[in-house]
Every structure is written in C-alpha cells, then in structure tokens.
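The two complexes that follow have subunit A in common; it is paired with subunit B in the first and with subunit C in the second.
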Partner chain A sequence: MLDYEENPYNPNPVTKLFTTFLFGLTAFHQINILFEWGAVLLLSFIFYKNGFIRDAIKNITSFGLLCLLPNLTVIQSAHFILKMFLMLLLMYRIFYFPVTSGKLLVKTSDVGSVISSMDKLKLPRAVSIPVAVMFRFFPSFREERRNIKLAMKIRGIDFKNPLAYIEHVTVPLLIMSSNISDDISKAAETRCIANPIKKTRYIPLKVKFIDFLYTVLVLAILVGGLLW
Partner chain B sequence: MKNNKKLTVKDLVTIGIFTVVYFVVMFGVGMIGMVPILFLIYPTILGVVTGTIIMLFMAKVQKPWAIFILGMISPLLMFSMGHTYILPVHSIIVMTIAELLRKAGEYKSFKYNMFSFAVFNTWICGSIMQMLLVKDRYLEMTVSTMGEEFAGSMEKIVTFPNMALVYLGAILGGIVGAYIGKVFLKKHFEKAGIV
Partner chain C sequence: MVEIKNISLSYKSDEIVLNGISLRVEKGECILFAGRSGSGKSSIINSINGLAARCDGAIIDGDIKIAGNDIKNLELYEISMLVSSVFQNPKTHFFNVNTTLELLSYLENIGLSREEMDKRLSDMLEVFPIKHLLNRDIFMLSGGEKQILSIAASYISGTNIVVLDEPSSNLDGENIQIVSEMLAKLKNKGLTILVCEHRIFYLMDIVDRVFLIQDGKIINKYEREDFLNLSPKKLNDLNLRDNSKTKLTVPEISNEGNLKIRSLEFKFDTTNTGLSIKNLTLETGKIYGIIGANGVGKSTFIRCLIGVERKSKDEIFLDRKKLSKKDRLKMSSLVMQDVNHQLFTDSVVNEVSLGIKGVQQNKVEELLDNLELYDFKDRHPMSLSGGQKQRVAIASVVCKDSKLMFFDEPTSGMDYKNMIRISGLVKGCKSNDRIIFIVSHDIEFLNATADYVVDIKKFKKRV
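Up next, the complex of A and B:
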C-alpha cells in the first residue's frame, strides 16, 4: 500500500467518511443501474490506484453477480433453506455501496491520517483519545486472544458447556485488558496528554485534487441516479 | 479530589480498550446473524454475552458520560464500515436513556446500572430497524425472484410489532447478562483487585 502522503489518488479520511454517508442513501433510494455501475467503476478505480488490485477486480465481479441474482428464475423452485441464503445475498445487494465504500475507508486509511483528520474536525478529546487507543490496542488484542485460546486448549476446555465457555473466555480477556488499559494510561500521563499544547503531526492532512474529484463524482452519481 | 466527576485520560483510555473488547465479542456473536431469522434473537444473545464486559466497565468508571461515549463509538465505527445513518441516530436516543438511567442511580447502584445496560443493549436493534426501513425495496426484489408466497411470509415476520418483541428480547438479555456480570464481578474481578 502506498502512503497517504505520497499517493495523489488516496482521498483523505474525511472525504471517505463523507462519501460513505452519501452512499448510505442508496440503500433507501434506488438509483439507476447505469449510475450504479458508474459507482462500482469509480470505487474500483480508487482501489486499483491504491494498490488493491484484487479488491478492484473482486468489486466488479461481485457486483456483476449480485446484479444477475434477481433475474434468475431457477430460484423460484429452490428449496426453502436455499432461499433463506439467497435472501441474505439480496440484503447484501441493497447495502452493497455503503459496505464497499466502508471497506475502502478501512483499507486505505492509516492510523496517522485518521488521527490527524480527527484533529482537523476538532473532535473533542473524549472521542479522539478512545479511538486512538483502539488503534493501538487492536494488535495486542489479537495476540492475547491467541494466548487465551492456547491456554484453553491445554486445559481441555471446549464449547460443550456454553456458559462455562463464556466465563473462560471473558474473564482472562477482561483482566488482561484492564491491565493493558492501566499501562496505556500511565504512558499517556507521562506524555502529558491531560494538559495539551499545540503539537505537530507527523502526517499532515491535506486536501488534494482527488478529494474534490471523488466527492463531486459520487454526488453526481447519486443525483443523476435519482433523477434519471 | 475536586474534579472527581470529570472523565480523566485514564477513563478515556479505559473506554477505548473496552470498546475494542466489546466490538470484537460483538462480531464473534454476530456470526450467528449469518443464519437468517436467527438475527432476530441476536440482541438477546449479545446481551447475555456482553453483560460482563459492560458491567465491569460500569464498575470501573463511575462517571457521567462514560457509557454514552462507549456506546456511541461502536455505531459510529459500524457507520464508517457501511451501515446507514439510521444506526448512529438510533443509538444517540438509546444511549441518552441509558445515561439518564445511570445518573438516576448515581452511577453506583447495581439496580440502575442493570437497567441502564438493558437499555444500552437495544442499540443493536437499530441495524435490524434499517432492514425494516428498506423493506419495500426489498420485497420488490424478493417477489420477482422467490415468488409471492415466500415474500409474503417474510413480510409477516419482519414487522413493527415483531420488532417490539426483538426490543423486549434485547432488554431481557441485558438483564440476564447484567446478573451474570454481577456474579463474575464477585467471583473473579474483586478478588483480582481489578474493580
């Protein structure tokens, strides 16, 4: 993945969040199929330019398959259980654009640019500190989960008794999270986060040409698709 | 301490950590949503499983706005991952009620914390609500593929009165979860000196 700073085709997180919100509207108001394809190609283009070639191709093919779905007459006579699963796919078709746009946001944004965009939006500390902590905590969480699983395997605990299973997962999980939270808050305290002064960010947030282009294109797709 | 009632950096860090734990457990439980119809009892199961996490959190941070912030981050995260704006708006209402309930118990009383969690737990119903709101469009698609009969039976299941049952299930699940949480708090966390 290219960095946010170097890549002229990577919109900033604020733009991506805003467009995800716009795409959310497509769930409630159907837009013209041609414009939908326009949106798919636009998303794929951004994926491709950010080095996610597989995602770009997957995006086009999966949308193509989803488009075929409502026209299949075979489904009429299919089994009830099979219908249930197809139902889920149809639901996915409705929420396709917001979900894909969200995927774009998550995949192409790095922690630094997310944090500096929270600064730019002037979000209160009550929101920005927990979010920053979450980014820091996710990797160590994964590691701890593996340790807990291993420990459970050694002691021969399995899913036979769900309630006991819940207990054996949540208790160590919560104890280790409490300990990590104490550690992080000590670290934060020593860096004087409680009494902030103006600081510089390693990754400054810029408004690039792509930000305008992407927003305008998404808006055009939505408005055009609704009016068509 | 003078500013005892304000959220300190330590509390904010705790909020961040517990959001991650809550979010991951939520997704783990969310796997059952893959089987259609079962997602209607998803809020109940979520309440039972996450009761311990939130009750421990409430015991650790007995301050205003803590539960509100914790509760708003998950819907906002889900929003940025592609849910519609229904979810955050629905959550603001739910979290405000949960916050007020906690305030009524002065953030300490188990009874009020339990009710607060039961209300808190209904936020996930927002994601089912948004399905309800796209129902018309959805039915259009199902009628053409799966026939009138099937679409009709779908229409009967996902309705506003049934949503009330889902909410009720979420609240009941929350109460059960809160009691499990209370037992765990006594059994493990107080001994370990976490609370």
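Up next, the complex of A and C:
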C-alpha cells in the first residue's frame, strides 16, 4: 500500500541511542587517533547512506581541522584571547563523537520511531513525550532561525558588536522557541499521543543487520582504540 | 452532536473572552463563526477541541457536551478521538516530518491494526486524491499543501466532528478553492463542521448557519439564506469580508519607471524549477502587489530583490545606476508575516530606532504617536498584542526611510476593519522616491492598496 520504505542503512533509534552513549565514553578517555578516524568514517558512511551528503563531508573536514589543534602545553603558552578560543575548540574536540553521534540520531530518526523505541525500552510517558517533542523541535527551530537571520541582516545587526548581537538574537529566538514547543505539544496532544493504550506501528521497529553491524563496529573501534 | 450551555471563558481572572455562549449543533451541520479579530471566535473553537482549558490555561464555566459526553470529564486525547482540529497556521499543525507518517501517527496512537490503517488510507485517497503529497518532507510543502494535508489528516482520523480555526488565512485563491471542495466532501460524508473565519466567501456553498460573535457573545444568528442576502455594505458594517469572491481590479504592471530588473535568475534547491526575469521595470512612488499561488516563489523574489539570496544572479538598476546586492540590502526594509522574528530590543522606542544612525528622538516620538504606539513606547515589544507588534515593525521600517519597502502578507487572518487600517498605513508610507512591494493573497486588500500587480507565475521556469 505505502511506498514508504525503510532505509536498510538506518539503524533503529535504540541502536543509535546506545551507540551515542558508548561514544560518550570517549569524552572521559581519548582513544587512538587511527580508531578515531575509523569512527569518523563510519559516522560519515551512515550520514551518506541516509542522504545527508553535506553532513558526511562536514564530519570529515571538521574532524580533520580539529586534529590540527595544538596540544595543551602549546595552548597554555598562547595569548589569553587565543587561549580562550583554542580551549573552546579543544572542548569541542573532546565531545566531538557523542555530539556527532547525537546529531546522527536526531537527523535520521522520525518522531514515531523514537516514541516506539522508548516504549520498547519501557520508559515512562513522562519521559518519552518530552523527548519526542524535543526531536521535532529542531527542524522547526531551523526554519525560524532562518527568518530571524534574514530580519537581522535587513536591520543591519551584525557581529561587529558581539554583546549587542547576542542580546538581539536571543529575544526573538527565545520567544520563537517557546511558541514552537507550544505548537508541537498541541499537535502531539491532538494526535492522541497521551493515549495510554498499546500503540501500533505501521512500520514496526525491527532489528536489522545494520543495527548489529553498527553496534559491533562502534564497540570494536572503542575497545580497539583503548587497548591499542 | 455539540451542545454548549452558557459557557464563559477567561484566560486571566479579570479578562472575560467568552460570556454566556449557548448553542446546539446537529449532526452533519456546517456552522460558521464570524466576527472581528479578538471577538472570541477562536476561543469557541478551542474550547470545543479542549485546547483552551488544557493547553492555554483558560478557565471555563458552563457545560460543553460532545456526542453526549461532558468534556470536563474527558482527557485531551479522549476529546481528540471525538473532534479533530485544523489550525490557522498549517506549519504548527504537524508532529511528524514525513507526510505519510503524519497521516498515520493518529491511527497508530489509537492502536489500529495495519490492515485497518491501509483501509483508511485507501479510503482517504479515494475521497481526496493527494497521492502526490504522500511520503514527502513536511518542511518542503507549500502552505497550501500543508493545509490540504491537515484536512486529509482530520478525515483519516475518522472523527465525526471537525473544527477549523481560520484555515484559509495563509492560502492563495486556488488553494482556498481546493479547501472549499474538501470541506464540501466532508460535509457530504455527514461530518459536522465548525469553522471560524474572516474570509467567508468560500464557505457559502456548505454553511448552514452563521453565528456572529462580538465581545465574547453571540450577537446574531443567521440561517444560510438570510446570510447570503446581506449586502456587501452591511457585511462590511458588521466588520465582515465579502460573502462572494472578490475580483482583482488592480492592473498588471505597466513596465515603466526607473527601477529596472534587466535580469534575475534563481534556481530552487528542491525542484528543477526557478525564477527567470528579464527586463521588468518598476516605478518609484508606486505600490506593487506581488501575487501568485502558494509556493510559486513570491518570498524568494523579494529576498532576491532585497539582496539576501546569495545564489540569485541579477542585474538591477535604479536611475541607470547598477545596484549590487549590498546596495539593495542597505536601501531595503521588510515587515515580515510573523513579526516575532523581527523584534529584537527591550523597548518600543529602541526597537524603532535600532540600526539607524543619527535618528532624531522627536521624529521617532511623532511616528509612534501616528501609529498609536506612544503610550507603549517604554514597553517591551514582545509584551504587546499581535496588532501592536505589527505596528511597531511598520514603525521601524518607516523610520529607516528606505527606498525599497517590503510587506510580506501583512493582512493574513485579519478582519475587515483591521485590513482597511493596514491598507491606510501602507499607503501612508508612499512617497515619490520609494517603491513599496506587498506580497499578498488578500484580493480585497490588494484592491484597496496596490497600484499594480506582478504575477510571479509568469517568471517561473523549468531549468
């Protein structure tokens, strides 16, 4: 009946959630650089196979640039403004894998499958509904942000005065964010999301070969990278 | 089917929005709630679908019964199984990103089997031939397509009652016609339809009764025939738009003047179409209405003119002097459809003078006075009402004194008097060295305001 087909290269949200948690461990203990590149290529492959070609390329180039960062001793001897800037980048480098894996999770999962994944994990509705609303928030937010940027350009608000810029961008962004989350919650409520019965899925959540392969590869990269 | 007994509704304890509303709607009827902005029409709709009390924090006294159930005793999901809703702005309507999953999500949430879902989908496709809308990214649909999908979603949900809150606000003429046909089909299927609207002409074939709402009360009830007999003048006196379709009386662009678009080329990201304009000439001192169906590229056209579309290849001249994108950006100002995007500061007076060098305080105050904003000059713009916010945005645009002034759908969802007021404000911005562009679907507004219209459909090309 439906020509909606599931992508065989898209792991289900439970897998992506689990691997994001695993990638989180790299923030506490850095793994070998070769294995890090393995992880970057794996993430880019999944992005690519799900139609996010730009993200796949961005992932490789931004990690490549982050690899050029000098080490801590060099940073410490730098000028304090440069030091602040480099430290921020270094922080990003530390959290790079959990952040990118989280991005993959958000970009490649639809709201319905996220809810049913959380149902499978027996998470209470009080947790699963807000998380689902959060998932839906990002695409709306991106659309609103584009409009705010347009308005700012026309009003001549630019980054020359960073403090004023941040103040001016925050006001509409906060108001729009609160409007978006209100709207999404209403849409969800009128779709009977809070109905306590057991929900059905048109396309049931399956464990596919990619789930198995992806988890094993991530585990292998992490364990290998630690032991190497 | 729906019975309302003496309800009063307030959002804060001192502000009464609905006062003593009682009505009874039979199965299969189509009811229109009409009245000026802020009269309480939407609140009636939102008290029936349960959102007012459960999401917006309204306090409701009195009884609302749907199919014999007192909704006080129902959870919101239980009300949603009796009543489906279509909102004013279709972009706020969806919970999924994929259109097919959106249509199915309600059915999944009420626990239907896959076979039953297939049955409902094929039944829906028979009633509404919208196969081309399935399996698409909702963010890539035009406003009209989104609203069509919303109505299809309310049919597939299988409820007997549909409530609609100004569903035509953001639609062009063609899509309004489609929505009108869809609603007629719903009515033929025996569904009860309750709708509040400003643009009422497209409902005249299906409406059974009209309730006129003012200050939270029903001040008049009309049977269909009586309402159709009201003269346009009488309707306007009641603050209503015309009940028959208005014809556009503004002439097509005359192609004379001193702003020349020698060429403008733009390719859309998602389709193999684009805009291609050659030798279009506009005149300073005039107001141009930019028209065309939802999704045809009206907003893209004005973004290209303003100079914020990097991918547009253009050659534009003013008084024979070539304007770069940067030049155009400097001389442009825009009032957006959702003005919340463009209010940045902490007070009205700061907002109006933001980004303008050497602005005179007395000039700002005079401007605020003209727009009836002086009393609010120290208030935070975001704390004002929708209409006041729009006037602040207009004030900031007037203060910038730009040569190119743009208005994007300034009257969507507006009643007759407010539309006339905005028309007056836009005409007040007219000056000999300025060109004003208005993107609008509102024919009555264009007739009252524009000197010429530019139909973007003519410039849409396959690339």
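Quick notes on this structure:
The working rule: the second predicted complex is superposed on the first by the 142 of 228 C-alpha atoms of A that agree within 3 Å, B and C clash if a C-alpha of one lies under 4 Å from a C-alpha of the other, contacts with A are read in each partner's own complex, and residues count from 1 in each chain.
Note that a residue touches a chain if its C-beta (ideal position, glycine included) is under 8 Å from a C-beta of that chain, and two chains touch if they have at least 3 such contacts.
Quick caveat, the model's predicted, so the values are computed rather than measured.
Of the two partner chains, subunit B is the only one that A:G24 touches; subunit C does not reach it.
When the two complexes are overlaid on their common chain A, residue A:E144 makes contact with subunit C while staying clear of subunit B. In the superposition on chain A, contact of A:E189 is made with both subunit B and subunit C. When the two complexes are overlaid on their common chain A, residue A:V171 makes contact with subunit B and with subunit C alike. By the touch criterion defined above, A:I157 reaches subunit C but does not reach subunit B.
A count of residues in subunit A touched by subunit B and by subunit C gives the higher number to B.
With both structures placed on the common chain, the touch criterion links A:S101 to subunit B but leaves subunit C unconnected. Overlaid on A, the two complexes show subunit B and subunit C touching the same residues of subunit A, namely 167, 171, 175, 182, 184-185, 188-189, 193-194. For subunit B in complex with subunit A, the residues that touch the partner chain are 7-10, 12-21, 24-25, 34-37, 49, 52-53, 56, 60, 65, 69-70, 73, 79-85, 130-131, 133-134, 137-138, 141-142, 144-147, 150, 154, 180, 184, 188-189, 192, 194. Contacts from subunit A toward subunit C in the complex involve residues 1-4, 110-112, 136, 139-140, 143-144, 147-148, 150-157, 167-169, 171-172, 175-176, 179, 182-195, 197-202. Residues of subunit C that touch subunit A in their complex: 49, 51, 54-55, 75-77, 80-81, 84-85, 87, 91-98, 100-101, 104-114, 117-118, 121-122, 134-135, 139, 303, 306, 308, 329-330, 332-334, 336, 338, 340-346, 354-355, 382, 396.
Interface residues of subunit A, counted against subunit B in their complex, comprise 17, 20-21, 23-25, 27-28, 30, 69-72, 75-76, 78, 80, 83-88, 90-91, 93-95, 98-103, 105-106, 125-127, 129-134, 137-138, 141, 145, 166-167, 170-171, 173-175, 177-178, 180-182, 184-185, 188-189, 193-194.
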